[in-house]
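In what follows, structures are represented as structure tokens.
Both complexes below contain chain A, partnered by chain B and then by chain C.
Now for the complex of A and B:
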């Protein structure tokens, strides 16, 4: 009996692995067949959101520490990489390591302050620290160029020996980098979930005092969780900065960004490996559609609103700015009706249907 | 010395308005144990309400408090009944996210309605000031401080002397025990959120003659409200009043003696220090 169950579960695992390989393989093939820069852009944004969501997930989802200040790590990574490239001619693939080192220092300082606090107090402290970083970047004009931001103009050509690998002029190299980083973060999350570390994290999340009495070193493991999470977020930040080619305090260090990082995870499903992927796939196209006025044009096509009328011009001018409104509505709906996220909701539906059949 | 006194006084005057925001947040936290991340956005709605009353009906911002307080109270009761009530027993992080979502909806709805342009409500006395012994005191800030003092005193009277107020405090002390004593806990939650929203809206009305009005103004004040309530001790009304004044003074001192760009950093650093060394706040009970 036991042998049959193991073979059937290993079969299921094989099928899962095959599906995963198929998806990854086809994702790697996409740039060969899709030449539209806009489609690639959307895919890159999905990868970026996935990286941010997954990395937040390790600290927020698995360890249960709801940081609403992850923009601090994103921003420090982004700023370090761009500043080294722009002011010191350090290529980004080297600068990113400096970015990670800087973020780790910041994370350790933040961790030693904030991890003494619990629940809502931790949330508030994480926000305060991120705001201090944002205000510092705004005010330290001589180092960061302040609110003006830094334009990244000098991305060097990536060569191995004499062979030019890429000159970063199209979106294709960014697509592959984004995809690889997203896969790495998913792999890291998978590794964490299936290791002793992951069990420690989840023990802390479920009951900190019980975990402590079982001999788990709470500050140590919280800081390890933060270090992993912050490193991956810094990668996302560096990647974003080089891809977009611009950093300023309001885009890479704002509270809005911190909230968006959390949302990707919450909407998809917190504490699950694929939750942030689902969240990214749901959120990015939606907000891009709003931003590029696809939805406004869709409303015009239905014929309910005349584009030339007052309401029409109003929609055209303002709907693009309202993508955050959709975020807000989604969060409220998700929290009220599917507190386990979209993925958890689908799973629940699935198990209910199975029960119905049996 | 004049500079010191000048910044001290203007800090105290601004602190009065901050105190109103903080008291609202602390009432909500006390009764429902929910940290309202939409608090600043509720205040922002109060600012727009005042702006509309002023620009359409010509009602003075300080007089409009009489209209905006009840309206904001109703908005608060509505939000509590429809949204907050459903997550009272949910995980704290879900409560926080719900209020963040509410805040996003409010600020972006206002952006759709009014665009994100900065609006200025300029009254005849917006920039006038009284001069006493070489120290100039802003007239609108003085009026708003006096109104704040009256409202705070009234609120204190309500909470200490009236039956409903005592029921609100009982609910804050021990929800279950209050329920066993026959107090309608759900109604008290509605009242607390209504009062919180009303006070935030009033603060918005009072600050609008001296502050820019724009849809994203809320998040700054949400953060300030947190700092104020943590400083004073979560759930303590008197603590929030003191915390408001402390934040006002440290902001204006920071602006004068360091630079205006760094004044918020000063506030956040004080906030972190309090969280670390006296997490129960200046007047709160320990709950760590």
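Now for the complex of A and C:
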């Protein structure tokens, strides 16, 4: 947390602001110059990961409550929005508020129960709750269509008055929505860090008993953290559901998803504003590259292996399937050698270089 | 008026009575020493007073208000706050941020909280370390930080649990001066301490606990001459 208020740091803050504005400006300009749907798709996934990571970060990173059940909030948001749209013809930009309301109810019920537990017990409880949600969605066939999932056949056209803003037929509107939501979650995180909430959240993370003795109402502030986190995660879920146009229990309510959300933060840097952004930029392209056959092709280019040989065929056929394995190994390496995440690692390098110069 | 009144407080853990039928009261503005051999129930009594444990029996009145069942955060808001025998710095926050957490108990503005925090850091002579991470401080400075942090909550009654434990003589001397300084500002204090010389010097009144019960109570001179206290500390075969 910034504590120095010297002139040099305010100058540095101006430079930082300028860089941030430049990046945001160019991000808004991207769809004008990039028409490849795949490139836009990757960007949208990065935004989505950023939103999920930032949301988790408020509860996990700042408040220190490591929830491995955030898929519950993601899934409830996604399901509510899609179900309202598909079965009740409620447009998603209205349905999303119902999604958030539903998630808040779920979150506060979960919070009032699970926050009695500390540390690993809270983690286990959060997993259990998400699994309950997944099993409910799978088995309540009459409401959720069960494991079959719900296909959103048509997104209504978004109009203001008679003017058609977008018909959601290309990836461009999703790009802008994703970018805006990502910026909103970053802004919320910034706001939290620079307010009483941020101080109280971090105090709870560092030492709950000490925080309690200093006048912090622990259940209240934990639930506030959860409410903010769950709301933003529900936004991510609704956005995902509309973008993909399909929800089923194994994609939006799975343990995999919960872990994925946590990983974005761990890889990027827990408890920092930009950690989840860095995590998303690192993880999304990595998992996409591994899923396609980039690695096998790379090996062929080096000339070590002939693509026509038996080994070449083997690599071509199997390397893409091993993406989860390779992904896992890379994650383990990052956690081992960069315990404070990529962002923490870069900062450490930076301060070391500064020391070297001085 | 008594700022703190403890009436027949008992605390049982299973069959073990950590405190049994402890009663005493404390006048405003005084320093009350709480002494006793290891395991006498001093910290348990602190926990009962500040809301960490509900007393099994008996009542605690603070400024005339019954405190039983109030959570520690509420107790702090009402003006009673404790430090910890084993210090609990918020390790990944800076010294000033640690103290700001205390100050935010009375204000919602970070700017005001920072001002209060800087004042209290000045009081405990830690200004030069304001931007250091609390986790990296040596023990002496952690103890001072602990005191600054509770002072920032603007308490009327401070409960200090062995703030001098593990300190060297010059550091202890600094804390003693700090405690007397806090008293001069009108804040009442209850102090747990093992070092008899120190407790004799700073206390206006002393309560002696032994095996969970109140052994005696009185001025430092009375307590030190009390045969029961001598027996408890040195063993009954003494003298």
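Before moving on, here are some points about what is shown:
Everything that follows uses one rule, which is that the second predicted complex is superposed on the first by the 333 of 358 C-alpha atoms of A that agree within 3 Å, B and C clash if a C-alpha of one lies under 4 Å from a C-alpha of the other, contacts with A are read in each partner's own complex, and residues count from 1 in each chain.
The rule is short, and it goes like this: a residue touches a chain if its C-beta (ideal position, glycine included) is under 8 Å from a C-beta of that chain, and two chains touch if they have at least 3 such contacts.
The model shown is predicted, which means the values in this text are computed figures rather than measured ones.
Touched residues of chain A, counted separately for chain B and chain C, are more numerous for B.
In the superposition on chain A, contact of A:286 is made with neither chain B nor chain C. Shared-chain residue A:346: touches no atom of chain B or chain C. Touch criterion not met for A:104: it reaches neither chain B nor chain C.
Applying the stated contact rule after C-alpha superposition, one finds that A:183 touches neither chain B nor chain C.
Shared-chain residue A:127: touches chain B; no touch with chain C. When the shared chain is aligned, chain B comes close enough to touch A:113, but chain C does not.
In the superposition on chain A, contact of A:215 is made with chain C only, not with chain B.
Once the two complexes are laid over each other on the shared chain, residue contacts for A:206 go to chain C alone; chain B is not touched.
On chain A, the patch touched by chain B and the patch touched by chain C do not overlap at any residue.
Those residues of chain A lying in contact with chain C across their complex are 1, 3-4, 194-196, 199-200, 202-203, 205-207, 209-218, 271. Those residues of chain A that touch chain B in the shared complex are 66, 68, 113, 116-121, 123-125, 127-129, 131-132, 135-136, 138-139, 255, 259, 262-263, 266, 318, 321-322, 324-325, 327-332, 335-336, 339. The residues of chain B lying in touch with chain A in their complex are 35, 83, 86-87, 90-94, 96-98, 100-105, 107-109, 111-112, 115-116, 219, 223, 226-227, 230, 259, 261-262, 264-265, 268-269, 271-272, 275-276, 279, 288. By the touch rule above, chain C contacts chain A in their complex via residues 50, 52, 71-74, 76-77, 81-82, 84, 88-94, 96-97, 100-102, 104-105, 108, 110, 113, 130-131, 149-150, 153.
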